[in-house]
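Letters A, B, C and D mark the chains in the order given here, with residues in each chain numbered from 1 onward.
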Amino acid sequence: MSANKPDLKLVKGNKGSEGQELFTIAMGPQHPATHGVLKLDLELDGETIVKCKPTVGFLHRGVEKLAESMTYAQALPLTDRLDYIASMANNVAYSIAVETLLGIEAPMRAKYIRTIVMEMARLTGHLLWLATHALDIGAMTVFLYCFREREDLLDMFEEISGARLTTTYTCVGGVRQDVTAHFLETLYAFTEEFPSRVKEYETLIDQNRIWLERTKDIGVITAEQAVNLGLTGPSLRGSGVDYDVRKHMPYDAYPYVDFEVPIGSKGDVYDRYRCRMEEFLQSNSIIRQCIEQMPPGPIRAEDAPDLVMEYNPPKKVTADSTLTSGVIKLIDDREHYIEGDVYVAAEVPKGELGFYFVSDGHGRPYRMHIRSPSYIHIGALPYLCEGYMVADVIANIGSLDVVLGECDR
Amino acid sequence: MGLLEIANLIQERYPDQVIKIVTCRGQAAVILKKDKILEICRWLHDDPSLQFNHLADLCGVDYLDKCDVRFEVVYNLYSIPNKKRIRLRAQVPEDDCQIDSVTPIWLGANWHERECYDLFGIKFNGHPDLRRILLPEDWEGHPLRKDYPLDGGGKNWRGYDEVIEKAKRLSKYDFYNKYEDPTKKTGLKDVSK
Amino acid sequence: MKIKYKTKKGLIERILLLEILKGMALTLRRMFSRSVTVQYPKEKKKLFPGFRGRHALIRDPKTGKAKCVACMRCASVCPSQCISIRYSQDEETKARKVTSYEIDALRCIYCGYCEEVCPVNAVVLTEEYEYSDYVREPLYFDMNRLLKNWDDFVAKNKIDPRSYINPFLRPRGASTGELPAGKRIPVPSDWTLEGQVVWKNGKAVPAKEALKS
Amino acid sequence: MEILWILIKILIVFGVVMLHVAYATYFERKVIGHMQVRMGPMRVGPHGLLQPLADGIKLFFKEDVIPTPADKKVFYAAPLICLISAVSSLAVIPFFEGFAIANINIGLLYIFAFSSLASYGVVLSGWSSNSKYSFLGGLRSTAQVISYEIAMGLSLVGVMMMAGSLNLTEIVHAQMNSSFKVFLIPQFLGFFVFVIAMLAETNRTPFDLPEAETELVAGYFTEYSGMRFALFFLAEYIGMIIMSCLGVICFLGGWDGPFRVPGLPFFWFVLKVYLFIFFYYWVRATLPRYRYDQLMALGWKVLIPLALFNILLTGTIKTIFG
């Protein structure tokens, strides 16, 4: 297919390569395959795409502006609503960023719990990606098989955080709830079962000739181009670039666990698909290792800022060994709210989710910028789609795994 | 390479461009003048020993009364082969609110810059398609500026009147009508009579 | 780790459509496996304690009124500012008395911050999720409504209001010393820092036991 | 008297087929549901048995929305063309020994002619809706139906050669008299091509691109609603039943079975048709969808040469062995 890509330079204005008029079609914002409210203005020459123009912003809620009038703790629930299919990962990424800014270190147990939930979020995110990607290409049974497992994971989220989607599970300096024995046992049983389930999905599509024809050599993007376009996550690794925030800038418990970063070679839809399928197994093994290694201890840093107060961070209280003596010291040597700026990234299912904070020394972010992977990925969509066919746009959107909540913020 | 090494390299090469080097929580940032930003970025991108090939983030910041120069455009660069990070902060004054676009170097900067233009009103010279991106084309003002009215300036959004009018017109098809007792389940009822 | 995969097929595989037959065998096999559907209004899923559902003000079993002391912590922490409290203050004792406590459930984002910061365990998000309505008014909870929500919850789930615990009233794993006095309620041992679980030999065991052995 | 008898026959066939169509939708939802580890319809009646009835009532009473820019007359006519051409094909199908509304000598050709006619309905509906998605869907469908018609026709030439007739009853008789009892075994190549072409002809997965919901929303009937939508729906399912009947008659020995079921002369026929229909659903639950150009390539580069080769083979064997 890629061989007969039309020469885009010949196309001028509204005329096709042979002078005929182009067929303009607006795909979205209400369209079953655009994964939300993405709008694509496609100009077609027959069924071949000559020009693809994405329009975003239909879900813009001004999260960055909202956060400026909230404390760091209050802004955390906003991150649930970015990538709403793997909100745990956003919670963790946000907490890490704020902790870096405030100079807090989460306790070890909290780090392990966070790594577990982050990888669980990666599983939920990738499961939904596989479900919708396969459904877009027409394999609708994979969709429901994926949701079967996703449901199990969401139940576990509900057990520890009290909500299935908008979890708000982490907090600055740790996590809000400790894990239970039941949770650990269910999760461990799940990880034992999960590889066989992945095999099930693969049986349906991996070697299927229709699937191969629909994904091989479609949406090819070279390594250099992919880096230049700013792609991250599995979409970048499918092109063969070894860039994973978990390895490059390790956070939480990632330095202590053993995992590999799957890398593709060609950069087509199939490679990106394979990358994510391998990540299923890697995440699975990370979860297992974390459960096995998880130490006991506190789950929230002692000097974590209070949820409520903003200008006066609570002081660390130390008491004499005998409380009755009434000697209580207030330690005031910490500098939480300094002036400065940090950029901290974490690897969420979609790619690199970065938070750029500018602090002016108060308990609210002066400026919070969210570097959302989906936003950049949709920006790269025209480079992937032009020259292919209408049906390939669907495959490409699916393979980039975009979520519009995160894109529009 | 240490924390400040790359920042110092930039200062060595462009001493007249660098205003200040700041660090915060183990991260280094170089505050620059905006004039040669494209050149500096190209050098950082192309130099074989630096290779800052990944533009992680680009955004604007509005320091309304906190700084002499009102705006800053922040470039978070990452070098995937060298695993190094540097942050450039180019100062953009309010009266000359424009800066060179880095899209010739990183294609991915395209949408970042559009967003920055949309929400801060900073113009990027040489950008291929500088339009609003997150907000509607006919939006007035740039919401992430600190002096943007938080209550929307007392104006209703475009199309507000039409929506209200339509809601009133269609309210007769509501199952419950808010002008009546909500506990009374009236079903389809025409209130215009 | 470079991914290795083989997509080229041999002649026999190509002709016999082996991979398609495998897929079809799988779907046929699944046809006879148990379905995972929950027939919702008839069957209901068991929720875990701490599910963040409908708001309620806990009725104090001693006084029969709400426990709220009008400290305003919930109202100030609420990210969506859906809680509004009015109180009157005694001139002499400076004691506050709540006169109105309102939660706009349509504005609420169910983050659970209010119950977490409440020093006396007055407000709670109950494990009740079926309260949708066609109009907005019933979803604007005033104080009486919030207390009624609590009564409904107690009656429906047949719980003892004295021993009711919720992971947000007293977070699992929080050390007792850090908690305000009103939150130091008795909880199962695995909720406390001492009863924390770790993984050992293929099962979750309390950390104490794991250290002993 | 003759005419009255034919009328009664028509009524019986039409009524029975409509009932089967209604329950074919139920059957589909149940089968695919269970393959996808869910239950399918469960609410209306015990195990959702009254679901088709509820669907029918809903579709019948729904508002009929007609887009303003649509070409009204053609828009009205298109679903009727589809339905009539599908229903007309039922006239020549022998359901059991001696029972066909019209036992004509060119039965096979008749079915082909009418199934080609259905594509007019599709393309007209796509065009008259004045919607881009419908238009693309209509075009895709026409191209697909036309090219797969060829493959399908050629795949059945082998059967015609072996039976020596185009009359469907004769074809079944020829199978009953042949040594294998079914043409499936000597004509396996033809059967293979027929099954694939059958899926494409009725626009079913993996060849459902005319109505690919993730690409073209719903293809040619995007703009249809209510009863008009239901007509398309009926036409599609009747088309499936016709194609299954054709497969059963030409390859699986029609109403003939290992033994006679007393009182139910159509038992084996219905059973085999339902096997085919189950196969339709099974494929739908398993396979992804082809792309437009890949579909055409498959049709022209694989299926038609295969079918031609099959004809050659059949001819050669028939010439040598008499």
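Side notes on the structure shown:
One rule holds in what follows: contacts are C-beta pairs under 8 Å (C-beta built on N, C-alpha and C of every residue); 3 or more make two chains touch, one makes a residue touch a chain.
In this text the structure is predicted, and so the values were computed from the model without any measurement.
Distance from per-chain Cα centroids to the pooled protein Cα centroid is smallest for A.
Inter-chain contacts peak for the pair A-C, counting C-beta pairs in contact. The centroid of the Cα atoms in chain A and the matching centroid in chain B are 20 Å apart.
Chain B and chain C have Cα centroids separated by 36 Å.
If you average the CA atoms of chain A and of chain C, the two centres end up 24 Å from each other. Chain D has its Cα centroid 45 Å from the Cα centroid of chain A. Within chain C, contacts with two or more other chains are made by residues 20, 23, 26-27, 30, 36.
Contact of a single residue of chain D with at least two other chains is seen at positions 35-38, 285-287.
The residues of chain B never reach two or more other chains; the list is empty.
For chain B in complex with chain A, the residues that touch the partner chain are 22, 24-25, 27, 29, 53-57, 59, 61-62, 66, 74, 76, 80, 83, 85, 87, 89, 106-112, 115, 119, 133-136, 143-144, 150. Those residues of chain C whose C-beta lies close enough to touch chain A in the complex are 1-3, 5, 7, 9, 14, 17, 19-20, 22-23, 26-27, 30, 36, 47-48, 50-52, 73, 76-79, 109-113, 116-117, 125, 167-168, 171-175, 190-191, 193, 196-199, 202-205, 207, 210-211. Listed in rising order, the residues of chain D touching chain A in the complex are 32, 35-38, 132-133, 136, 205-206, 208-209, 212-215, 217, 284-294. Those residues of chain C that touch chain D in the complex are listed here as 20, 23-24, 26-28, 30-37, 39. Note for the complex: chain A touches chain C at residues 70, 73-78, 109, 141, 145, 148, 151, 158-159, 162-163, 166, 168, 176-182, 184-185, 188, 200, 203-205, 207-209, 212, 216, 240, 260-265, 270-271, 274-275, 278, 291-292, 294-300, 307-308.
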